[in-house]
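Read from first to last, the chains carry the letters A, B, C, D and E; within each, the first residue is number 1.
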Amino acid sequence: MTTPVLSARGLVKTFGRVVGLDGVDLDLHRGEVLAVIGDNGAGKSTLIKTLTGALAPDAGEIRLDGELVSFKRPQDAREAGIETVYQTLAVAPALDIASNLYLAREERRPGVLGSVLRMLDKKGMRDRAQQSVQELGISTIQNMAVPVESLSGGQRQAVAVARAAAFGSKVVVLDEPTAALGVKESGQVLRLVEQLRERNLGVILISHNMPHVWEVADRIHVQRLGRCAGVITPESHSMTDGVAIMTGAMALPA
Amino acid sequence: GCGGDSSASDSDEIAVSLITKDSLNPFFVSMQEGAKKAGEAEGVDITIAAGAEDGDEEGQIQAIENAVAQGQDGILITPNGPGVNPAIEKARDNGLYVIALDTPPEPAETVDITFATDNFAAGELIGEWTAAQLDGEKATIALLDLFNDKIVSVDYNRDQGFLTGMGIDTADPEKNGDEASSGSYSGGDYEIVCNEPTNGAEDGGRTAMETCLSTSDDINVVYTINEPAAYGAEAALKAAGIDPKDVLIVSVDGGCQGVQAVADGIIDATSQQYPVRMAEEGVTAIKEIATGGEAPEPTDGKDFFDTGVELVTDTPADGVESIDTAAASEICWG
Amino acid sequence: MTDTRTSISGGSGPARTGPPARPGPSAADELARRRSSPAQRVQHLLHGHPAISPALILVLTVVVFASLNPRFGEPQTISLMVQQTAVVAALAVGQTLIILTAGIDLSVGAVAILSMMLMAKTASENGLSGPVALLLGLVAGIAAGALNGFLVTRLKLPPFIVTLGTLSVFTAMALLYTGGRSVQQVAMPDLLNWTGEIIRVGDFRITTGVLITAAIYLVAGFALSQTAWGRHVYAVGDDAEASRLAGIRVNRVLFSVYVAAGLIYALAAWVLIGRAGAASPNAIAGANLDSITAVVIGGTSLFGGRGAVLGTLLGALIVQAFTTGLSLAGVDDQYRLLAVGVLVILAVSVDQWIRKVRA
Amino acid sequence: MTTPVLSARGLVKTFGRVVGLDGVDLDLHRGEVLAVIGDNGAGKSTLIKTLTGALAPDAGEIRLDGELVSFKRPQDAREAGIETVYQTLAVAPALDIASNLYLAREERRPGVLGSVLRMLDKKGMRDRAQQSVQELGISTIQNMAVPVESLSGGQRQAVAVARAAAFGSKVVVLDEPTAALGVKESGQVLRLVEQLRERNLGVILISHNMPHVWEVADRIHVQRLGRCAGVITPESHSMTDGVAIMTGAMALPA
Amino acid sequence: MTDTRTSISGGSGPARTGPPARPGPSAADELARRRSSPAQRVQHLLHGHPAISPALILVLTVVVFASLNPRFGEPQTISLMVQQTAVVAALAVGQTLIILTAGIDLSVGAVAILSMMLMAKTASENGLSGPVALLLGLVAGIAAGALNGFLVTRLKLPPFIVTLGTLSVFTAMALLYTGGRSVQQVAMPDLLNWTGEIIRVGDFRITTGVLITAAIYLVAGFALSQTAWGRHVYAVGDDAEASRLAGIRVNRVLFSVYVAAGLIYALAAWVLIGRAGAASPNAIAGANLDSITAVVIGGTSLFGGRGAVLGTLLGALIVQAFTTGLSLAGVDDQYRLLAVGVLVILAVSVDQWIRKVRA
């Protein structure tokens, strides 16, 4: 069979005496949507942070396309083709929308202005940002030159999702991307997740919204108290089962 | 001559800037007040300016430039350092008459004339007096200087003058603290136990003296950069249970409070300077020149006009000329 | 490779398929055990009690300098350092309050000087009695703090700008009022000089001024940690908008902080009279930088909301121990300046290292 | 009929050239849950901010129990019995959980310690905080002395909700209280909303989660482009209708 | 009252029941129209272009002082003010960069002095040629900046503490190296003195040093607004953790900012040689506070992420116009100190007022 595009074995991460992750394994294949569900504090965000270089795991290994990797910083994961929307969004509030979309991957002007003077292609980035945001269908965001801090919570989230969708080449990780989004916008994000799958990317989706998860996920990783309580599929288990496993009311056979 | 292009045409009144080192030191505040009074008496319009702090050359440069821009007739300045020399030269090129007060610039020709005390001589006087008072006894010396984060000429001139007066070889006379920490002075053996900065204020003087006292219990000579530092030193001695009478405290300045302190026995001797006289002489000189009169001549044998230093003490020593506190309080400043 | 649908499993939790679940203690438990060496436990302790680490640095400093020069460890020297720190340490309490609200006060020294000269001159020249003059000075400190607080809360100006402006204003007022002249001990009533009185405790000798500083620390420490006001100060510094939404009257809290700071500066001015044995308008030249340094070395964040006055006290003592220690070690003036710079950086590095270690 | 506990008429709020609210009316009765739904940027948060003193409306009037009120600051609304969980949570990250719960309403020790020394009753507040949090069923929060910044996003939200539930006496306003919460925790918050209704309080609930809204709301205020697009009930309209009104696909007869 | 189920309605949108929908333009539209007076439109403009408001204040200052003393408005005086500002304005560019990253630099003046004395003494005493001495000075500035940057990024120390420490270290080094002695113009090669050359532009006389300062502003302004590096500086100052997660190498950006600042300070030192006509270790005593003041009056936030160098330039000019203006008006030093304090607060208040007005 194919090598998983991203796989992890025995990830452990502690914060002082708090155990965030307690030996977690995970495999993600190309063209697959892997949902991660779990109660608050189950370690979902910690899991994807260790996968994307935002946190260094205390133990365990991570492979990208079968190669052992060790991301020292988010930039490394990003350069390897893993794009992430963190729960805290990771936007710079004082910068405008276009700047945030292109943060750390700014585009320069063609010709001497770009190569020698290293001038930014502001207009180009703004136009392409407009396009990315429109593809998500967030119609209330009109002007790409307004600072992110003047956006509503949902609008900010849309900016972060647009960024990940525009630049992910292998894996896109979304930590609760629809938490603050309206019904229409949430639907838009789910469509986007499906598009990413069609582009043969691997997608990790963290969500507390079970209908959303059951709608788009191929497989569901259930995280509980820092460990993986099992992996199910929307076909094999009902939403109620999923919630029961999450909360410990039901255990999967070993 | 005076700047014909601007100053005279503006008004009949003669305008002069007094630029002191700072406005915090009572010495300079007295000088400012003296100049103001003299200005009123002579019909000279005085503008007071100063550096932000002792050693601030840029602040003085700006003040000089502003005086030029205002079209004034002259400048009285206590230069904060050689960094202001080029600005002074430019002012003179623009026809202003520049007089240095208190501190002669290096070289002295930078200004038209200097009315100053010789700070080195002021130090020498208290040094000689101290050596005579000790009468052969071993000197254990605490040196309470001005700054440790900048080097200014008053600081080393007074300190090194004092040591020279004591008969101690100062090595580099422009560097505090490079002399041998022990050896012999004109009357016997000496030991220097500390060089501490005081910022020229009471609290700094006290802290410095306390530090010196924790280095040695035998201190019997305390040199202080100015009188406030001396008060601080005395407070520290008292607090340490040492009778200040057993220690020779010497200082420089001779302000009225300082003279009183000598009378009260807090300070044993101080070298008196005349900032008000400097300011008055300066104002008069500029008025003279602006109205076509003669410029004053430097004191014989010196490259500046010496406004004089007197040693003030109530326990005179042989071979060192001094005046008593009664006489000194007649001519003191501030 | 294994089949897509079966290759994923929980580390040790019950998994549907895949490798058998690991039995017994979890990976993290093992890791935690391996790490729980005694040294680690010490670091845990330090982490829970942030004031321990500057305290350790202070002790370390004292031990090192005492080994260089035995006089350093003697009661007299220690008493001396405590006396020398008293004024800056008192000023730094006010500075701590303001920095906790994410502000900064550049007018510290100017306020202290202004209220000190007011106390001293009204007593010596206008013949006011000690208590009245003292009260007047304290009121002046409060008024100066209130002006700062008014400008910060009503005009919504950044504290840096406000206090930069009032620094000039108060300094100029003190100069104009005094003409640069100081007031000597003898000219002042006993009450003003009282802060210089020595109290013997065994071999140690402290002044009543030190006691006043200690009282300021106790009251401020109590108010910050035990009262609602203290909570509000931290909350406002942490996130002013969140505090406002949570129902805190942000402006009222800020204003009260500036007023309290003004009062503390005036009390410090009283301590200063006793310490210097005079009231002089050019005293405490380094008050701004020294007080901020004590606060920052004491671990209070310049961004507000985190810190405590105990840290500030230790910070002030650390700096004093450095300067006195280097003097006693016979280090030359300019080398001492250099060494203090290096040591400040070192002290904070060690502190950061101790605080940062987690696990 | 009864006087509405909270009512607003013609509220207008603009930000520079952005119109946040454009003449909105609202009535809330005791013992009622009024849901507010709408797309991102529709003005939901702005609406409740003007109602609770966090923002001053440019025009319009607000009545509490029929009395005209004008809240200058959140504290005023709070003292009048209106408790709010803002979307941005309004917690002080460096303070611990108990301090945050009791922020601006700290309790003092009994006796002289409290009345003269104004000492806080730290232990008492901590114990009662523990109780409030446990009532919400957030089992992963154990220690009330940890700073809020070390909590997960969901845990933080739980703290904010617990605070409002514990202190509201007339009206409780919740701006997307379940956005970051897990399934179990969300359920717990919905139970809490029902309890508040039983205690005869008025509750305003903003949520993007339609199933939640249709589960607990008595009436639903649909906000669209800064205006009220109508008020419906779960009985009168289906979820699909609600979403259609929100997005403008369907209009209510005038 | 009306029935519960019918009493609620959308303001003007189509509502199920309740009062009839308001026709025509909405309430907010009406409000907006009522407010759109010409004055309001000006305020809108100001709001969109933050540099306009300090520029207006500068113009206002110049007009007021020129009306007090006609000499103030003359080309000579304006030329003078520009020359007087050149050094602080240049230093303030480096300070702006660092403050944009939420840092602060207290070693500004010390770095400038150190590189200046190195240039001057190696040329005058060790006989180095002008270009080599200049290069050495610039390298020294870069090295000093790199040391600050290293301590901030590697040891994770607060910039305040780092630069407080290096302030002492660099000051001590300069004093030890020079013994407090200055180097006069005549002893220095032409290249070092070149920044003092006068250029006439009509009635205005500026120095080549002013041109260097202008060049520093152009390059820094371009880099901040037009390059990716500039974006990253803003992003890091705005939210360092978010920037890290977004893929910015935060440490690399911070380090580069400190190095760039060091280079700028060294260039300012060169300008200072020309301006003072000498290299003196006591020059620019007020560099720290003056440079920070220019930055803050120019509207850059001390919390990082917001601001621009153009504002800093205006800030520096505003302060200079105040001091020169008051001096030409014949105001004495103490009153000038007082007036500058008041004016700084006033200027920032007006600026805040202009910026705050929205609608």
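Following the convention adopted for this analysis, contacts are C-beta pairs under 8 Å (C-beta built on N, C-alpha and C of every residue); 3 or more make two chains touch, one makes a residue touch a chain.
Given the structure is predicted, the values throughout are model-derived calculations rather than measurements.
K.L.:
Quick one: which chain's Cα centre is the longest way from subunit A's?
P.N.:
Result for max centroid distance from subunit A is chain B.
K.L.:
Look at the interfaces B-C and A-E and say which one is made up of more C-beta pairs in contact.
P.N.:
Answer to which pair has more contacts is B-C.
K.L.:
Mind checking the centre-to-centre distance between subunit B and subunit E? Centres are C-alpha means, answer in whole Å.
P.N.:
Averaging C-alpha atoms per chain gives centres 38 Å apart.
K.L.:
Find the geometric centre of each of subunit A and subunit C from their Cα atoms only, then give the gap between the two centres in Å, rounded to an integer.
P.N.:
43
K.L.:
Let me have the rounded angstrom distance from the C-alpha centre of subunit A over to the C-alpha centre of subunit E, please.
P.N.:
Distance between chain centres, rounded to whole Å: 39 Å.
K.L.:
Which residue numbers or ranges of subunit A touch two or more of the other chains?
P.N.:
15, 88
K.L.:
What residues in subunit C touch two or more of the other chains?
P.N.:
175, 334, 337
K.L.:
Would you pick out the residues of subunit B that each touch at least 2 other chains?
P.N.:
23, 53, 149
K.L.:
Using the touch rule from the top, collect the residues of subunit D that touch subunit A in their complex.
P.N.:
Residues 15, 18, 38-42, 45, 87-88, 138, 140, 150-155, 158, 176, 179-186, 208-211, 243, 246-247 of subunit D touch subunit A in their complex.
K.L.:
Spell out the residues on subunit E that touch subunit C in their complex, using ranges where they run on.
P.N.:
Those residues of subunit E that touch subunit C are 102, 106, 151, 155-158, 160-162, 164-169, 171-173, 175-176, 289, 292-293, 296-297, 302-303, 334-335, 337-338, 340-342, 344-345, 348-349, 352, 356.
K.L.:
State the interface residues of subunit E toward subunit B in the complex, per the touch definition above.
P.N.:
71, 76-77, 80, 83-84, 87, 168, 171-172, 175, 179-182, 184-185, 275-278, 280-286, 323-324, 327-328, 330-334, 336-337
K.L.:
Applying the document's contact rule, which stretches of subunit B touch subunit E when the two form their complex?
P.N.:
Against subunit E, subunit B makes touches at 20, 23, 32, 45, 47-53, 55-59, 61-63, 65-66, 69-71, 80-87, 89, 149-152, 156, 172, 174-175.
K.L.:
In the complex, go through subunit E and note every residue touching subunit A.
P.N.:
222, 226-229, 231-232, 234-235, 238-239, 241-249, 305-306
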